[in-house]
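Which chain is which? They are A, B, C and D, in the order written, and residues in each are numbered from 1.
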Amino acid sequence: MTISQQHVDAALDAACRVARQIGVPMNVAVLDNAAHLKAFVRMDGSLLGSIDIALGKARTAALFGMATEAVGEFCKPGGTSPGLDQTNGGLVVFAGGIPFHAPDGTFLGAVGVSGGAVSQDLQVAQAAAAAASSI
Amino acid sequence: MTISQQHVDAALDAACRVARQIGVPMNVAVLDNAAHLKAFVRMDGSLLGSIDIALGKARTAALFGMATEAVGEFCKPGGTSPGLDQTNGGLVVFAGGIPFHAPDGTFLGAVGVSGGAVSQDLQVAQAAAAAASSI
Amino acid sequence: MTISQQHVDAALDAACRVARQIGVPMNVAVLDNAAHLKAFVRMDGSLLGSIDIALGKARTAALFGMATEAVGEFCKPGGTSPGLDQTNGGLVVFAGGIPFHAPDGTFLGAVGVSGGAVSQDLQVAQAAAAAASSI
Amino acid sequence: MTISQQHVDAALDAACRVARQIGVPMNVAVLDNAAHLKAFVRMDGSLLGSIDIALGKARTAALFGMATEAVGEFCKPGGTSPGLDQTNGGLVVFAGGIPFHAPDGTFLGAVGVSGGAVSQDLQVAQAAAAAASSI
């Protein structure tokens, strides 16, 4: 099983629905499991500076197959891998990037969300990843 | 008037409808009039190498306010501006990137399409730009 | 309303006047609200290394619609977004970049100032942003 | 003698005056003789894609101490230095970048102009360089 438009639709619909519920326009990126761009939406009124962050979160989550903040654990002060965030052309290592999988566990891709407070980005990304994983 | 989700929806719907009609999965990028990414979709089965081309076509059309092949006229052999395509971090100067405007003439943004033959890319981009311009 | 030469003239005049008052030659960048360069001046005798900093401060303030040091709050030690300053090709997150708005609240652009102590940069940037906002 | 605000004022005033006479809003960059940015103006209504071109023309003229189209002679088909335009991070080798000198022949800097047809860019750049050279 590979990522398809169905996963994209589910992820973007869920992300935009939650973003509207909390009243924060978001940038949402969906990448495949090889970290190539599959879909992107910048909701009306969201920050320009968050475009690159949403893309970077999704790329980080796709490249490492884990949530962005989990990647951040390795490179935080005292972590095992200082400067890890400087590899791969620059990673984004705070919350808002999440990989998603098929029901059989196949790694399909990752979402990245940016536009609000980090906790809001995470909330939207979790909704998007859960929706994409349910297909 | 500025670009909104309505323009994006119209452009992507039209692009994907024509792409399905001609049986060629496409990459479609929509940028605002300052060349910032607004939306992107890679249809299932389309080429990975076309992601960057679609983005580049849209960026070129947005930066110069004209179709990509019109920009290409300036830098073709014998043109007035050799190497123009190497500016702005690299332009894409063959057909498939088209600016779109509001009914009152306001420049709103640009679409970029890549995935098939250039004539197919152009056909899909024209449909997308026309749909976005009709709102 | 969009940025115009009037805003640029007001910003640069105010910036250079204050810079001369405090006796510190400055680099001053003015960007539009999509972070594209609108105007720049390097006053005689100012530091070469400050050119890029002034541009970066203005770009940071334009991309996030807030003062550079406010962006810095997110990525300082213990902040919510470690490494935010590494996104968007590199941000500048100390004081001296300030967005400015029209009297009706429309976001018009941002100024970035560098050349002196950070407190001096901030003083000059505040004068520039206030002048541009008064038009 | 080194470049000063007087040269910048003379160059920008002349450039903008001619640009208005021919009715084409221009981007005008002024660099010092070490190719560092000294001043820049994007006239209201000029193309976003021309920002980078104006900067690139001025940089090319400053780095080689000759007009951009003269640099282009070396790398045109049949020229002695194919690919020269790919060096230095990318040069711009069509007309519109011109070095300027003090009356005693000292090399002071270069102007770069972009926004219209190449012949118009050249006309504006010549006016700017002449004005800066007359001080």
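To be clear about the criterion, contacts are C-beta pairs under 8 Å (C-beta built on N, C-alpha and C of every residue); 3 or more make two chains touch, one makes a residue touch a chain.
Because the structure is predicted, anything quoted here is derived from the model rather than measured.
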Query: Once you count every C-beta pair in contact for both, which comes out on top, A-C or C-D?
result: A-C
Message: What's the distance between the Cα centroids of chain A and chain C, rounded to whole Å?
response: 30
- prompt: Whole-Å distance, chain C centre to chain D centre, using C-alpha means?
  reply: 25
Chain A: positions in contact with at least two other chains: 48
Message: Thinking of each chain as a vertex joined to the chains it touches, would you call that graph a line, ring, star, complete, or other?
response: other
- request: Just spell out which pairs of chains touch, all of them.
  value: A-B, A-C, B-C, B-D, C-D
Task: Could you please specify the touching residues of chain D with respect to chain C in the complex?
output: 4-5, 8, 34, 36-44, 48, 51
Contacting residues of chain B [partner chain D, same complex]: 34-35, 60, 62-65, 77, 80-84, 86-89, 91
- request: Would you mind writing out the residues of chain A in touch with chain C in their complex?
  value: 47-49, 52-53, 56, 72, 76-77, 85-86, 90-94, 117-119
Message: Residue numbers of chain B touching chain C in their complex, please.
response: 32, 34-36
